[in-house]
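Working notes, structure below.
Each chain carries a letter (A, B, C and D) given by its place in the written order, and its residues are counted from 1.
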Amino acid sequence: MIRPVLLIAFPLFFAFLSPIIGLWSKKWVRYLIIFATALNATLAGLLLLEVFQHPVFDIIGGFQPPLGIVLMVGPLGAIIAFIINLVAFIISIYNLKVEKEPIVRYSMLYLLLVMGSTGMVLTGDLFNLFVFLEVTSIASYSLAAYNKDKKGFLGAMKYVIIGSIGSTFVLLGITLIYSELRTLNMLDIAARIGTMDPYVKIIAFTSLFLGFGVEAEMFPLNTWVPDVYDGAPNPISAAFASLPAKAGIFALARVIFTMFSFTNFLWFVVIMGLLTVFFGELIAYTQKNLKRMLAYSSIGQMGMIIMGLGIGTTLAVEGAFYQMIAHALGKALLFIAAGFLIYAAKSDKIEDMKGMARNPLVGIPLLIGALSIMGMPPFAGFYGKFFILMGGFSEGYYAIIALFLAASIVEVAYYARFIKIVFEKGNRVIRPDAATYIPLILLAILIVLIGVYPKPILAVLQHVSAFITGGA
Amino acid sequence: MDALTLFGIFILLPLVGALLSYFGRKYAPIIALIFVAITGIFLYVWYGNFGSYTVDIGVKLNLTFDITTWFFMLMINTVIFSSLLFAVSADLKNAGGFSTLMLLGFTGANGVLLSRDFLSLYLFWELMSWSVYVLILRTSGEYARRYLLFGVLSAYFIIMGIGIIYYYTGSFLYEDALSGVIPYYAWAWILVFLILGFGVKMAIIPLHVWAPYAYSSEQPFVSFLSGGLSKLGTFGIYMSMYSIAGVGILDSFGTFRGVSLLGYPFALLGAITAFVGTILAIFQDDIRKLLAYSSIGQLGYVMVGLGLGTSLALGGALFHAFNHAFFKSLLFLGAGAVIYRTGKYKISEMGGLGYRMPFTFLFVLFAIFGLAGIPLTSGFISKWMLYEAAIEKKFVIIAPLMLIASVGAFLYSYRILYGIFLGGLKEEHKKVKEAPAPMLAAMFILMLPLLIFSIVPGWILGWINDVLTNTGLKPIDYTQFTYYSSIGGANMATFWIAFMVLFFVAVAIFIMKRARVVNQYDNYFAGEAPSSVALHAAHNYYKPLKDTWAPMLKYSVDRAYEKFSKFFVDGFYEIKKIYTGNPQDYAAYLGIAFLIFLIIGWWLL
Amino acid sequence: MIPYYYLGSISLVVIGIYIVIAKKNLIKIIIGLDIMDTGVNLLLISVGYVKNATAPIENVPGPYVDPIPQALVLTAIVIGVSVMALALSIAIGIYKKTGTLELDEIMGVEE
Amino acid sequence: MIVDWLIQAGLVALYLFLAVVIGLLFMGIARKVTARVQNRVGPPVYQNFLDVGKLLAKKTNIKHNWIFDFAPLFALAGVLLALAYLPMGGYKMLSGEGDLILLLYIMAIPALGFALGAGASANPNAGVGVMRALMLMLSYEMPFLLVLLALMIFYNTASLSTLLEKQMSFAWGIVALPISALAADLALQGMMMEKPFDIPIAPHEIASGPLVEFGGKYLGMLMLYSAGSIVLETTLFVDLFLGGGVVLNPAHYGIIAYVVNYLVWFVFIFIVWMIAVLINAVFPRFRIEQAFKFYWKWPTVIAILGLIQAYIMSVFMGVVP
């Protein structure tokens, strides 16, 4: 019986272990991160297998619910946790290439980031969710500024301002809910949400929706994303795109579905999702800088997931979660590849990267990642996109789906332009070193595996999304 | 034969082949060839037992193996077999990657043909379209980008069509679409979306812009793309109009002299495509672009047949698609052989290669006969059926466009023959050798059906008849050697006998006296001093025609697309202004968003 | 209806947001963030208020105020402090790099 | 079955032989008539027979390569095949076995074979000549195809033998569709490459174009080809518009009907040929752009009018021959 709390305790333990090891030898700290994330990934994997039988409950500190902090791990939480830790482990291999000196602080923050994201996904208690959100945010603020250059600091500043306003709203929401229902356990809240005073319920929902929206990169709140992803070091932007963003979306899904079952509010969520996709994809087309382009494209993808959640049918929500997994893998791969391209071309402008990806070790995974993000079949991105589209159609959202398809044509346009430049016959082909191409190949294999044989993942998702949407 | 063997042979096997042949380095095409041969053998063996099965890979895929699938698979399998055979000796760079992607495309094509539910159709369609994208990427990123934009456009048209059906019936299966729930106007939208979606693959006029670019990548791939994969567009339109919707739905839009009002505009579009495609082909100097526009023109004929919808027209369309698969890929392989030997693409830079590469010349000549519709090849029969279908129904706009387009086909056919194979042999091509054996074998395979089915049209008309009756249409009336329409018929047996006898008469007169061979510079120059340089009149060959057509040629669809997309991109830059970069504006956005959410929340309560 | 005595904390939040949006200096913005944070903490505490009850300490008799928000607010304050510390260190970093704390100059200098 | 098959083959062979002889005779007459129009004496009418005999008997025949032989073989075989499918003088030859569209494409075989042979002669004049010939073909085919379409729509058949019967029973093509007949005659001028449309074989500009390298037996056979094509094009016009010269119904009068019809057919094709020759005698030569613009302007307009007339009569007025 794996106690989910271990998934949170281990990274914390290793995070504070790294300064001690740091004293002994800098090299070993890097291996520590890899070991810690690997351990976490295997634990999450075992937990996932176990969770298939029955949801796992884990009471911390002996307090009985509804007061004690309870880790409620459903199959969905487990699968997202597993993906988060797996991607964290793969990115940690890429961390070996980080040159910046204070590696000890880097490893601490990185492990805290992993802990925070996993915690957000596993926890069943609202305030605990807020605490883990804060842990992730603090780790992200400092990691965003890790490069200590002007771009890094400015990005971090923007993230701090928007992030803390967001978390204040979350706290506001929590207090309002607590003031009415006197409980913080999510299942409890979901059960007794009806008894709340409608006006307070609306304010609470809006503030929670807004707070988690910041983390989930929804349209008006994702203004910090491009600057932060651009300023942060490469492995970190890869981590940002897959770890906190996924946790944020998961929290949003919980807010929308488990706690507040607002069916007539969902169409507004769909519109917000569409706006996010629209602004994400269209501005990504105008970007010259690779990392900003990938940041905007990740906004677009998150918008698609939000749209999927908003549509609300079992198929669409299933597609949204599937897309969550595919996007985590795809974006991590693209950001690592971007890291290599920037390193090889010595500049982050796309024009200067002529022919940098001609080496098959980088080229093929990059192509697989891009095609998966575009939603091409044998890769993970296909099923997510297809189910969301079909869910949208079954709810009659013709116009919205048509607009979404137009936006994704723009997405294909700028990815094709990027691939064209990167695969052109450039002058010299640079061989990537092990720390770069191993994660790329691992992620590519994962994407193909999930794409070619989706049965296991779909089995989990079908069962979960039916439960979440109450068969809506 | 159960679900797994069908799925295994036609989908898993090529996928495994794709994986294996990547590591084959130089011998990759041979490995790929073996895999394609295996599927070919099974295709032959399984002719009889058709059936439909479902395979569960997490999502249910409904695969059906019936005569329609078999007919199209026959084309695609033979074309990819000969393309790979050609590639064996064409020593392409990174042949491993080439054969992997070809097999992926082949899997996608097989999947589209086998699938009878929209999920698997869309899955395999996208798989096929992106593997073509990467194949074009091997030659030029820009061309690949333009292709992918249209490829994705076609996929999203299809998705829209599928979505509307899914909204009404809630299921992906083809047959459920007919469960009578879908209202009549929704069918109009569904069919328009599906036809446009599949039409992009068949390069119908407004959506043809990607074809000339896509067709200038490696020749063996292009012959598979234009010969094989464009048939998927035909298959898609045929299935969506006559199997998913069915004649009942089509006629519910009102019929105009027996042809559904929905089908007629697409037939007209097809005729315009045939005409414009042929005219544009006449003026191209690059052999690949010329063949690309000619392919657009020929597929315009098929579109006419599909649009008209009478059994004769559909029979003609299927037969013409069959012929097009063979003579077009034969032409591309011929051009590929010439490019392989001389390294040149421009027609005017070649000349006189027919004397050095006689077999390639004969194969290309035979393909030209097929293209132009000369009765010595089966190309004539399919064109004949399309004309008869149009004239039978007294369509006075479609028929002239098609007839003039076929006369135009003579012009660009001769431009290929004269420009490349006849005229003066240039100095640097003196020592050009004949194309290597595998190339000639590949071309020979493609030539055979054109000849056989011209002598005995009964066999293929039999298959086409089965396909038509399988989708519930009236059969065409034909016998072993003859084929009829309501206003005329023709007997190929008497034609061939008469031709042989009269040819023998001409030979008899001809061989009375022997002739002395003379080198190419010993010409009659009406008194001028004969020049030692080989003069070749192929440069800017149809200049007078180009001058007369000049006012028309100003308008080009490509530029229209560029202007159209420029308009949108400027819009993107406007939207970009929202991300000002100043955190205070961002905080303001947050506050405003909160207020908007509150108002909407209140309003909803 | 929301009890009127919550208005104090909500006004604090509004003031905080106003400062962040209006003021140009970075430090002032950070202070604004802090005010907003304290506003919500105040709200959190006032939620747990019970008429004439004392603080929930071990050996103090009498009815207790609801202890949960007390615990929550402790963690919230700690979090607020750490975020502020981080924001200030970033502000120092920006000052080192751009030599100014005025937002307009930083924005102007950026592109 | 074999016996009457052989009879039919023999009859077809006889008609073909007669056609070629008439063709050579017409070429002689044309040279005589043009000479008379340009008030000079001109060669004797049988001159062409002598030319063909001389050319075929030549010992030294120059050839460039094996593709060069294509021209005479395909040209002669193709024109004879086309003639075989064309009812001449009421006898329907093979036209029961194939229809108008098959005939249209069979007429393309000699043109393409001839073009191949000319192209293989490596003489740039030949290449330019063939280019002009193909452009001319594109130009005159536009009105001609519209005319054929009008006929097919009006008589509701594409097979020549039924067309003859319908013209016999209802009315001759020229009576029913006079406008189309006019357009057809204009197109005929281009088809037969008579001045003003003899641009491809312009002797002064490109040394008789495609024919430049052909000599000896090649030229002889090509002369037989052009003789055959004269009869082919004139008979086509007569079959389409003048009922193929069928005056007496062969079912009632037997052999006499065949002979009388043959004579009437001969007179009709002679008249059509004379129209073309007289125009040829007085007209200068167009440039190819002029010819193209001319054909795609006036004859096409006329042909379209004819087509509209046929369309209205057959679809709206319901006239069914």
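FYI, a residue touches a chain if its C-beta (ideal position, glycine included) is under 8 Å from a C-beta of that chain, and two chains touch if they have at least 3 such contacts.
Predicted model only: the values in this text are computed from it and were never measured.
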Touching chain sets, computed without chain B: A, C | D
By number of C-beta contact pairs, the top two chains: B-D
Separation of chain A from chain C, taking each centre as the mean of its C-alpha atoms, in whole Å: 27
Distance from chain D to chain B - Cα centre to Cα centre, in angstrom: 36
Inter-chain centre distance, chain B versus chain C - centres from mean C-alpha coordinates, in Å: 67
Chain A and chain D: spacing of chain centres that average the CA atoms, whole Å: 78
Multi-chain contact residues (two or more partners), chain C: 17, 20, 29, 110
Sites on chain D at which at least two other chains make contact: none
Touching two or more other chains - residues of chain A: 157, 161, 165, 199
Touching pairs - complete list by chain label: A-B, A-C, B-C, B-D
Partner chain B, residues of chain A touching it in the complex: 157-158, 161-162, 165-166, 169, 198-199, 202-203, 205-207, 209-210, 213-214, 220-221, 223-224, 226-227, 262, 264-265, 268, 279, 282-283, 285-286, 367, 371, 374-378, 382-383, 386, 389-390, 392-394, 396, 398, 401-402, 405, 408-410, 412-413, 416-417, 419-421, 423-424, 452-459
Touching residues (chain side chain D, partner chain B) in the complex: 9, 56-67, 69, 72-74, 76-77, 80-81, 84-85, 94, 97-102, 105-106, 108-109, 111-112, 115-116, 119-124, 127-128, 130-132, 134-135, 137-138, 141-142, 145-146, 149, 152-153, 156-159, 207, 212-213, 216-218, 221, 224, 287-289, 292-293, 307-308, 311, 314-315
Chain C partner contacts - residues on chain B that touch it in the complex: 581-584, 587-588, 591
Partner chain A, residues of chain C touching it in the complex: 1-2, 13, 16-17, 20, 26, 29, 33, 36-37, 39-41, 43-44, 47, 66, 68-69, 72, 75-76, 79, 82-83, 86-87, 90-91, 93-94, 97-98, 106, 110
Residues of chain B that touch chain A when the two form their complex: 56-59, 108, 119, 122-124, 126-127, 130, 133-134, 137, 141-142, 144-145, 148-149, 152-153, 156, 159-160, 162-164, 166-167, 170, 568-569, 571-573, 575-576, 578-579, 581, 583, 585-587, 589-590, 592-594, 597-598, 600-602, 604-605
